[in-house]
Amino acid sequence: MVTIAAIIYEPGSTTKNKTGSWRTFRPIMDNKKCIKCENCYIFCPEGTIYEDENGDFKINYDYCKGCLICVNECPVNALTSIREEK
Amino acid sequence: MEKTDIVTGTIAAAMAAKLSNVEVIAAYPITPQTHCVETLAKYVANGELDAEFVKVESEHSAMATCIGASATGVRTFTATASQGLALMHEMLYIASGMRLPIVMLNTNRALSAPINIWCDQQDSITERDTGWIQIYAEDNQETLDSVIQAFKIAEDEDVLLPVMVNIDGFILTHTVEPVVIPDEEKVREYLGVYEPKHAYLDPDKPITQGPVGVPECYMETRKDLNDAIEGSKEVIKRVNEEYYKLFNRKYGNGLVEGYNLENADTVLVSMGSVCGTIKYVINKLKEKGKNIGLLRIRTYRPFPKEDVVEMLKDANNVAVLDKNISLGFNMGALGIDVSSVLKNKKVCNYIVGLGGRDITPQNIEEIINHVEGAKDGETKWINLRE
Amino acid sequence: MIEVRFHGRGGQGAVTAAQILATAAFYDGKYSQGFPFFGVERRGAPVMAFTRIDDKKIILRSQIYNPDYVIVQDASLLGTVNVVEGLKKDGTVVINTTEENMNLGFKTYKIDATGIALDILGVPIVNTTMLGAFIGATNIVSIDSVKKALLNRFSGKLGEKNAKAAEVAYNTIKDEK
Amino acid sequence: MMNKKQFPREEYFAPGHRGCAGCGASIVARMALKAIGRDTIVVNSTGCLEVFTTPYPETAWKVPWIHTAFECAGAVAGGIERAIKALKKRGKYKGRKLVVMPISGDGGTADIGFQSLSGALERGHDMVYIMYDNEAYMNTGVQRSSSTPLFASATTAPAGKISKGENNPKKDMAMIAAAHGIPYVATACISYPEDFMRKVKKASDIEGPAFIQVLQPCTVGWGYSTENTIKIGRLAVETGLFPLYEIENGDFKITYKPAKRKPLKEYIKMQKRYRHLTDEDIEILQKNIDEKCKLLGLE
Amino acid sequence: MEKTDIVTGTIAAAMAAKLSNVEVIAAYPITPQTHCVETLAKYVANGELDAEFVKVESEHSAMATCIGASATGVRTFTATASQGLALMHEMLYIASGMRLPIVMLNTNRALSAPINIWCDQQDSITERDTGWIQIYAEDNQETLDSVIQAFKIAEDEDVLLPVMVNIDGFILTHTVEPVVIPDEEKVREYLGVYEPKHAYLDPDKPITQGPVGVPECYMETRKDLNDAIEGSKEVIKRVNEEYYKLFNRKYGNGLVEGYNLENADTVLVSMGSVCGTIKYVINKLKEKGKNIGLLRIRTYRPFPKEDVVEMLKDANNVAVLDKNISLGFNMGALGIDVSSVLKNKKVCNYIVGLGGRDITPQNIEEIINHVEGAKDGETKWINLRE
Amino acid sequence: MMNKKQFPREEYFAPGHRGCAGCGASIVARMALKAIGRDTIVVNSTGCLEVFTTPYPETAWKVPWIHTAFECAGAVAGGIERAIKALKKRGKYKGRKLVVMPISGDGGTADIGFQSLSGALERGHDMVYIMYDNEAYMNTGVQRSSSTPLFASATTAPAGKISKGENNPKKDMAMIAAAHGIPYVATACISYPEDFMRKVKKASDIEGPAFIQVLQPCTVGWGYSTENTIKIGRLAVETGLFPLYEIENGDFKITYKPAKRKPLKEYIKMQKRYRHLTDEDIEILQKNIDEKCKLLGLE
Amino acid sequence: MVTIAAIIYEPGSTTKNKTGSWRTFRPIMDNKKCIKCENCYIFCPEGTIYEDENGDFKINYDYCKGCLICVNECPVNALTSIREEK
Amino acid sequence: MIEVRFHGRGGQGAVTAAQILATAAFYDGKYSQGFPFFGVERRGAPVMAFTRIDDKKIILRSQIYNPDYVIVQDASLLGTVNVVEGLKKDGTVVINTTEENMNLGFKTYKIDATGIALDILGVPIVNTTMLGAFIGATNIVSIDSVKKALLNRFSGKLGEKNAKAAEVAYNTIKDEK
């Protein structure tokens, strides 16, 4: 059953689609090094870096596609990358 | 207060849009439609109608603007003709696919090339697959009534489809004749306010309209649409009855109108203003003792197959008059459609009145005489010059 | 059913005249249609318009080929247009001219509508004047209804002046008759 | 750089969408929505962004969103704006400003949707039009648009034996929009989020049409590896190739001035779409930039 | 030199355009057509084809550019699909009305809304009235051959009409398979140089193209057009034969192709790539002793009425497969057309493969089984999901 | 003034056409063709000029002429230009320059045909695009276009109880064309034939796209008597309302400077489309002009 | 019989249509007063003022619609107008 | 008729592989089709492609539901895609993995194509490598034809490298068999 005119009534429902499986490389965050410049947060095309209750940035690997922009844009190398295990 | 005025078809349509309290109008001028939107612009300029009049830069944008407005949940109207309708083509499919109850006046006019501003119905006929309901009015009164009914039909929750009201360019658009103008309050009460449950762009309840219809869902949305327009037949009939009760006018059963069908061996089938001339000829011939029938198709889409079959069951000579030609089929579209449902009957097709060629009572008589001696499937062009 | 054909030039208001006549007939309690014959012409070029009047609803939608009446708003049209084409044998022509010797082969009323129009309206636009003359000649609708239609169509002073012009022409013809 | 929470934490653009890894278009959408907030209505032209965010039955959008066709974001947005006015007459949205945000690619803006945009600007609709500029038709496979720069190779303007790729200069959409006399025009780049988001916010506050052209590198179309999206955008600005400015009621202002312009070559060499260029070719492009920058007072 | 290559349908079409020595190409990218114009752009960029490639900003302008170029007297080609074709709608009528032999590849794709990039034939079917000749190819070889033939047909002095070669999106456009590429010299010799006698913008002999078609002439120009496209049937057949003699390939009689019709009580009628699958099923069933026929419509416009009637004269169950739906008629367009000419025969209609829905051999068998027990006029949607 | 034969005697535009008496559009066509000469190919958008010159089986044109639709003169012209190139490859027109001259009304240029024009400019087609500007859709009965000036009454923007007529300022087409970076842009007015014809000629000599916006008073649409067509055009220029200039490769130059600007009122008062305006309204318009003229260095 | 695509093969054929009949007023040229400024010549929307073999400007009344632009634009009143006889 | 299904991710060249296989079959004198299953996916997302090979002209146009062979270019797909769906009972899988213990319930060939690709091509694009492995495992076309197809498809060095990668994988599997 499709909705009328294929209207989607559930906002943000792409979250059903775990794009984490796309990764070839995995970014790793070292919160100790992080200076909270917010670069990784704002530049992530997936919006999959979030601030947890402690004010630390975390990566939600369910969606991270492993583009490594965050790694590239971290001014203090708090982010690094490794090859994803398959 | 209800009153009678003597107005053109375009002005009757503008009055109907005003009575229907349209909220957003987006239209682009084109002959022979212009007086409709000019009249609406005047209403707005004089504060007689509190609507947003969007002076778009093309018909493509007119339809796009209507789509945007309708998808936000307001009552929307536009008017066009010919090249303008053709320029909207892509957007027509989108309006119906998005299930938006936009109402449009189309003033039938021939298509270029060569450019011709006069009447035929090629413009709207060629949009017959788009999922728009198409009503063809016979006179200015029906024009006004049909625009009002169009909103009622379009916005019906079982329909939710755009509706195109077609009137013959010049023949109706530029002819004044008496028209009963219903009471404004009464019309507004009848129609109510448009408050859609399915499509509205509202930050308080964010929905996504017009997404990618992947192969897993696309065909089902088309089937839905197909069922909605099929189902609209019942709604159109119902609205025709309701309207009759409230405003005392009805048009056949809403889908088709029969005229003198009883015992008519020869029946003409057509749409729009030419049906007046046909009735005129029928009346004349009746005086002379000859019985000819007319089946007027009022809604060409949804096509009233069942009514066509039923009402023509006793006819032996069916003459379909088309103000259009499906090039490469050597027939008009109505001729094809009628032939396809009248399987065991002689159906002939007459191409008439293209690009403003007048259709006279003599032409009608010629057709009647011809069909009686013709073979099934014949096509004849009427009133051609050498 | 009465059928009337107007001949004029673009910008002279032949179409308006046909509509006013239809409106006047409607005020008289009749059914009517008023409509143009459209061409690509601009101001100055020959145009035609039509009116039908009947006691019952008019359903016929073809153009008019055999009018009962012809109104010629501009005598110079005679040079290029056959204004009496198809006119019924017992038809009538009303023409705007100062020419005395004019034989169109039909019953013809002549009037210097341009003179009257220039006099009353100040411009050589003769459609309403000719309408008055036509009613004077034929009485197919009442002059009061014509005046009412003109007052409704043109606002304020303009309506009054046009009604006046129609009336003057009406009386002129009536007197001549 | 270290002031806490410089960027709003609300997300109106969900993950799980099908954009390429490292896609700059997602970054545009995410930032723009953060800048305006929840009372935004998005009108999306056909293009990458539309396609990768809304495969039925899923949507990445958390604000009302509509797509109709490729070429009419401007007109659809105009209809929405007027409908909101009409709804306000009915008493809805009292005291709220709803922002209509058409967002289209360079193709949807500078080419096929250009007239619809121009009409909307001319009529003065209150909207924030965002042109996400990845300099080609990415969704259909990197065909040239009129926003494709001179000498870039694209699939319909390929470098070849007798061709150096695109042979027309990049259409200057921001300046053309400005010539419409609208209240606000700006250029921006995703590599400068504060600048971009400030402009979006300002545009949304201004009454009448605003136009923002935001440069957005595309990993597939430009040919570079995914992690460099931001870096390349920065180079476009630092070389002076894509100056950041705003034009408010006719007043032109550079909003970011590179300390010293970097050589274009740095930028060019990172991208496969330019790999056919000789040093002389690059020299020509460098000269063009130098001239343009002089006009704009950059350097 | 003739050679065989393994290419997609879009590339086969591009090769054909190159073999035909097109002089002006104006096209806008759209899936699933893009590889065709990309390939042509590459030919030009590499100096392999000395044509003007105009990088227009929309399909509307693509067709307008082709019209301008063709009216100046050069051979012109474009390619599009779906929304792009829809956006050209107004210009399609103008191209045919101006009698310009433009050739276009249309890669069949569904129409919005919702947007869908996959195959059905709604896009071209809905342009069936426009006066364009429409050829539907079954495979990539036929695609190449049809594009070459299209120029020959279009430019024939008795035709002078634009031709649209349709191929199923993805199913052909994105599938590689072996294709014989004829010798370039031979093709160019066959086609010759386009030097029109009727339409050319030349200061040395100034003519006026596209004037105002007043009511005194408009209907006659439509009749002319109608006769030209009707007459093109003979030309198409002739070209099919000529081509066979020169290149050793033919497609039925050019208009239709019959497959296993002899003694087939049940016959399927369809167009495009699905005919391959149907033949596949026919072959399978034949092995099982069941005799089913196929009538493949190759030129949908001009519609080969006479052939349809003649070739189906012995069939009792006719199943028409439509990859489109005429909304509001509850039938596909081919179904309507075929029904209208097969008056005393059971014709059922099957809506298949909309928006990329796959059509499997099982689906074909389901149709065959259904039609044998069905009533005349039934419509059934195949492979719908719940 | 008395140098013999300042204007060429060849006529490429025949009398007998159906234009209104005193029509300025005919004057545009006649002058433009005199300026370029016989090797012109005209592409005419739908509009008054097209309709009144070609009622089958008659044509007023003595040069090759084509009309297709309302909205695509730019693209059709582009196709012709490329076809000429192709024909030259075949050996035709050796050594001759054929001039492609699209001619469209303000509606066909600034509104519905704007994208087609913009695309043609961007692609660099060699053509002389003439926008004959009568400031409304005349052919269909004086509806507003985006070239209709502020406060003018038009049938879709009528003066009324709560309306002063058109509520948006005139779209500045010449400046928008100039923002496309094309080699030649000019404004002109039929009341200054030497200036206009010189510009057309220059445009035809320049390689690449040229755009000329020529003001053309319309007796019906503006509401004045036929003999004043030239006079009103002159007033538009003398008041500074419609400045005459050209922009050659980016260089702006006023080509006619009124000795002393006349008050706008003189112009306004001659036209019925402005008859609803109060003195205060006219004052507003006068101020707008004064500001614009200051910017342009006109007094 | 119409031509194919209604193409018109006869350039300038509107000359068949004598628009002189449209006139309400008639311009009259006094060649003695004329200083050959060419105003009337270039401004005439009909192009119906021509130079004869003597270098005098003449009006071709077959087409003159009587707009009177020429009269209005003549700097020396060599052109005047009278009401057209009908 | 042989039917092959490729599973990969957008950007990994599954479609190209399907086409190359079809081309190789064609060089072997057979008829073939190579085609994608298209979705709206971008780089990184799961994609499919198909090849049909036969001794006679292939007229069937439906997608492939019951392949004889499945090629899995990226083992991580196993998490989201049922790669063996519809695979014929006696069908074969060739998969790119370093995992030793993997049971897909079908005859399966494993290969570290990523390793080979990184080695020879320098990028983890495994489509051509997997093709070589597949031929090694199944022999449905000749490795020479595959190499020829690769050399025709990719110009210069790139063609050579890809041919090399295919060959190495081919031999690896052959040796293992």
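All chains are identified by letter, namely A, B, C, D, E, F, G and H, in their written order; residue positions are counted from 1 within each chain.
Operating definition for what follows: a contact is a pair of C-beta atoms (placed from the backbone, for glycine too) under 8 Å apart; a residue touches a chain by one contact, two chains touch by 3 or more.
By chain, with names taken from UniProt: A, G = Pyruvate synthase subunit PorD; B, E = Pyruvate synthase subunit PorA; C, H = Pyruvate synthase subunit PorC.
Note that the structure is a prediction, hence the values are computed from the model and not measured.
Student: With one step meaning two chains touch, work out the least steps from subunit D to subunit G.
Tutor: The least step count works out to 2.
Student: Which chains are joined by the largest number of contacting C-beta pairs?
Tutor: Per chain pair, the contact count peaks at B-E.
Student: State, to the nearest whole Å, the distance from the C-alpha centre of subunit A to the C-alpha centre of subunit E.
Tutor: The mean C-alpha positions of subunit A and subunit E differ by 47 Å.
Student: I'd like to verify one number: the distance from the centre of subunit D to the centre of subunit H, where each centre is the average of its C-alpha atoms, in whole angstrom.
Tutor: Chain centroid spacing, subunit D to subunit H, equals 39 Å.
Student: What whole-Å value do you get for the distance between subunit B and subunit C if each is reduced to the mean of its CA atoms?
Tutor: The answer is 34 Å.
Student: Can you tell me which residues of subunit G touch two or more of the remaining chains?
Tutor: Residue numbers touching two or more other chains: 1-2, 5-6, 8, 11, 18-19, 22, 65.
Student: Where does subunit B touch two or more other chains at once, residue-wise?
Tutor: In subunit B, residues 55, 57-58, 83, 87, 90, 94, 97-98, 112-115, 118, 206-214, 216-218, 220-221, 356, 358 touch at least two other chains, as defined above.
Student: What positions in subunit F touch 2 or more of the other chains?
Tutor: 18-19, 21, 23, 50-51, 54-57, 59, 61-63, 67-69, 71, 110-112, 114-115, 118-119, 122-123, 146, 219
Student: Please output the residues of subunit G touching subunit F within their complex, sorted ascending.
Tutor: Listed in rising order, the residues are 2-3, 6, 8, 10-19, 22-23, 35-38, 41-43, 45-48, 51, 60, 62-63, 65-69, 71-73, 75.
Student: Mind pulling up the subunit C residues that touch subunit G in the complex?
Tutor: Where subunit C meets subunit G, its residues are 9, 44-45, 74-77, 79-80, 97, 124.
Student: Using the touch definition from the top, list the residues of subunit F that touch subunit E in their complex.
Tutor: 38-41, 43, 50-51, 54-57, 59, 61-69, 71-72, 74-80, 82-87, 89-90, 98, 115-116, 118-119, 122-123
Student: Mind listing the subunit D positions that touch subunit E in their complex?
Tutor: Residues of subunit D touching subunit E: 46, 50-51, 56, 67-71, 110-112, 114, 137, 139-141, 143-144, 146, 155-163.
Student: Considering the complex alone, what residue numbers of subunit B touch subunit D?
Tutor: Touching subunit D: residues 23-24, 26, 50-52, 54-58, 60-62, 64-74, 76, 90-91, 94, 98, 193, 201-203, 205-214, 216-217 of subunit B.
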